[in-house]
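Below: a set of structures, written as structure tokens.
Paired with chain B in one complex and with chain C in the other, chain A is shared by the two complexes that follow.
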Partner chain A sequence: MNPIKFLEKQGCKVTYLDVGEDGVVKPEDVEKALRPETVLVSIMYANNEIGAIQPIAEIGKILKNHRAIFHTDACQAAGYLNLDVEKLGIDLMTVNGSKIYGPKGTGFLYAKRGIRLKPLMHGGGQEAGLRPGTENVPAIIGLSEALAKVQKRRVKESKRLIAIRDYFIKRLTKEIPKIFLNGHPKKRLPNNINISILGVEGESVVLYLDEAGIACATGSACNSEKLESSHVIMAIRNDYAYSHGSLRFTLGKDNTKKEIDYVMKVLPKVVEKLRKISATWQK
Partner chain B sequence: MAEVDNWYYSDKVKEHFLNPRNFLVEDPKDGEFDAEGEAGNMACGDIMKVWIKIDSETKKIKDFKWRTWGCASAIAATSIFSVMITEKGGMKIEDALKITPQEIIKRLHGLPLRKIHCSVLVDKAFHNAISNYLENKNFPPPPTLRVGYG
Partner chain C sequence: MNPIKFLEKQGCKVTYLDVGEDGVVKPEDVEKALRPETVLVSIMYANNEIGAIQPIAEIGKILKNHRAIFHTDACQAAGYLNLDVEKLGIDLMTVNGSKIYGPKGTGFLYAKRGIRLKPLMHGGGQEAGLRPGTENVPAIIGLSEALAKVQKRRVKESKRLIAIRDYFIKRLTKEIPKIFLNGHPKKRLPNNINISILGVEGESVVLYLDEAGIACATGSACNSEKLESSHVIMAIRNDYAYSHGSLRFTLGKDNTKKEIDYVMKVLPKVVEKLRKISATWQK
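Let's turn to the complex of A and B:
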């Protein structure tokens, strides 16, 4: 969102679209928001916090007969979803290395033939005049290898992770009272589990889990630099109890169902303990 | 070997966060406490409630219990405050009202800078409880009492 805010500061007129309770953008909202002079539509392929997968292909169809350039941030999606830019109707696509087991600090912008870009940094002349500086060949090769590898196994890996994800969500919602899944149950990344646990604050849960060797993240304000809770959870819930009490687990290639069983051994006890001392939990 | 066990918080914060003292286990029964007070808000992500029992003869704090919804430093600050005002037979009200957030932070061996303002709210909840207590008893508020503080 910040790059768009930057453009707004430069004088561009921006329309921000809302999402539904499931965190998904409605294609008809994109259609309604389009103006004849719209030059750019940017919608992330899958949300990093709640894993919501956006209807990129449908939006691509809407934009087919419009002058606007269609950009998607596919950083979270690259390991699991189809990146066929022609089928999706995408003009520009961002992918980075660190989300796909590639080298950190690498990334690329796909641009459809015919789209002319201006450099952000000037000088040199490398990368077709778009980015100055001697090319980091090992990083480039590393990124391209990483992408080829995750895309090759994405269908199989997605299937494996969806089974673990859904098993985890089922156990969470069954075994812990007042716990709510954020985002759509099916239209979500295979590796994303985001829940809100009422009566507890996210940072506390994260630190108790950390003590038990479990790593996860929270959208609570207490864990952010700006001391603001997650705007993503607020956009879908509009309730601080949900944003401060949100937890995100992200699965990767090395995670197993057995590890989920371990989390489920620890987490209910942590929640019980923190609810016991909580001022917002009705006993 | 490299230090891999480095916590964001001090060991003291960690100790009180993982083993909080004096929190209220069961909902209070009628007459169990003399007054209660609250501080914090939902938007910031920290809410604490405190319950006090005062010795009407000595004006000492006989019992102090709390419940906190919040991050590690909010829980630890409330826990250490409960120790500070009940240790050595309990503090006198007038002395307890003088405890500043800085003193609480000192007892916690420091807090990360950005955590100071939002998580040390227990003194505010305590002042509100004392204010309620004095009001119930029709006692005049001392100058150190900050009503509606926080």
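Let's turn to the complex of A and C:
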């Protein structure tokens, strides 16, 4: 959002697309929004808060006959989804290392042959003049290895996580009253659980769970210092009760079903306690 | 140079200062070049090719009564020189990790309190909105530890390296004819030896020495892919014979006098061999 807002300030005309309640962009909306002068379409592959998987291949097909360059942010997707850029019709793709068990501080931009990029920084001629600075070779190798590894095991690992995810969602919605899943139940990343718990502040739940050794988040990690309401939850719910009470659990390679059972031992009590002192909760 | 050239293209008025044969900027030249509207003075603390140490503290004094912000690139200096930004009168200082045995891919910009910076990239609000991206905590800690360590031992280590450096320079100029030290013999980094060997191509010497297990360079490491003549050697010598035949040895914490003896066993033979087939060498 922020690079786009910055470009808008520089005079670029930007169209922001709406999403449905499931958090998914409709390919026909992309098609309708295209203008002859449109130079860039950027749709994230999977959302970082609610895990909504976007129909990238379908959008890629629509853009095939348009001059616009198609960019996708695949940071959340790289561990679980197909990254075949040709099949997806992608021109530019961003992936980072820390989401796929790679080295921190790494990432890459895939650019289709023929796309000319302008550097953001100027200095040494490293990386074909695109990014100055002594190349961090171990980190580059690490990122490449990490991507190869997660992509190799992505189908098997997705299956394993989907089972845990759906078990967790089932127990959450069954055992805690007035709790709602954000985003589509199936068109979501295997590792993403995002819920709104009415009548509580998500931030308070995070703190109580942290005390019990459970790590979860409200909103995105990048904005964890701000206490602003999640713009993603607002986009799909348009209701502060849902965004204030939203909570994200993200599963990883080491998480197990047993850990979910532990969360389900702790979380209902935390919610009950917080609702007792809540000004917005009515039984 | 390249960020400045980029700004120049954007319409900024830039004055490039000359250096003497020793590669050192004269403080009075800085003073003369200042205009009332000058907003930035950037002088590197020590040069990356010939190791010339610039009179930063003197220039800092001159700038005290001027609005211009004083920036120094201290990447080469951080391991050996005093980084007391207040004493030096510095407003902005860049340091990188890989030159001080810190983690690759790291660096920092010191900014004096009150200086407002604009981000180059836009995204997450990390680092007070100045640089988006998940913070690489281990690398940050590593950089900080590395700087503390090199600064702690800098006086002792400088003394050790100066002895090796001067021994090397003495043998080079004594044992190989028509070899010249580039830069000031004393106002240079303890670890830098830069010479011009007339009648040979520096690049050929690099290759032969590499075969013998000796690592050295022509020009800067950042431009090692280009075979252009060093603009630094040209600035002090204004003679292609000197820049083509220039060679840089950089000492580090593990180098010893014994290794210099080994280089002095190999290098004279390499020079002799290359001069035999040289079109520009006359006995």
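Definition applied: the second predicted complex is superposed on the first by the 274 of 283 C-alpha atoms of A that agree within 3 Å, B and C clash if a C-alpha of one lies under 4 Å from a C-alpha of the other, contacts with A are read in each partner's own complex, and residues count from 1 in each chain.
Basically, contacts are C-beta pairs under 8 Å (C-beta built on N, C-alpha and C of every residue); 3 or more make two chains touch, one makes a residue touch a chain.
In this text the structure is predicted, and so the values were computed from the model without any measurement.
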Partner chain in contact with A:A241 - chain B first, chain C second, else both or neither: first
First, second, both or neither for A:S229, with chain B first and chain C second: first
Which of chain B and chain C A:K104 touches, first, second, both or neither: second
First (chain B), second (chain C), both or neither touched by A:P132: second
Touching partner for A:A215 - first (chain B), second (chain C), both, neither: neither
Partner chain in contact with A:E203 - chain B first, chain C second, else both or neither: first
On chain A, positions contacted by chain B and by chain C: 220-223, 225
Residues on chain B engaged by chain A in the complex (per definition of touch): 17-18, 20, 23, 25-27, 38, 40, 42-49, 66-75, 114-115, 118-119
Residues of chain A that touch chain B when the two form their complex: 199-201, 203-204, 207-208, 211, 220-223, 225, 227, 229, 240-241, 244, 276-281, 283
Contacting residues of chain C [partner chain A, same complex]: 2-3, 5-6, 96, 98, 104-107, 120-126, 132-134, 136-139, 220-223, 225-226
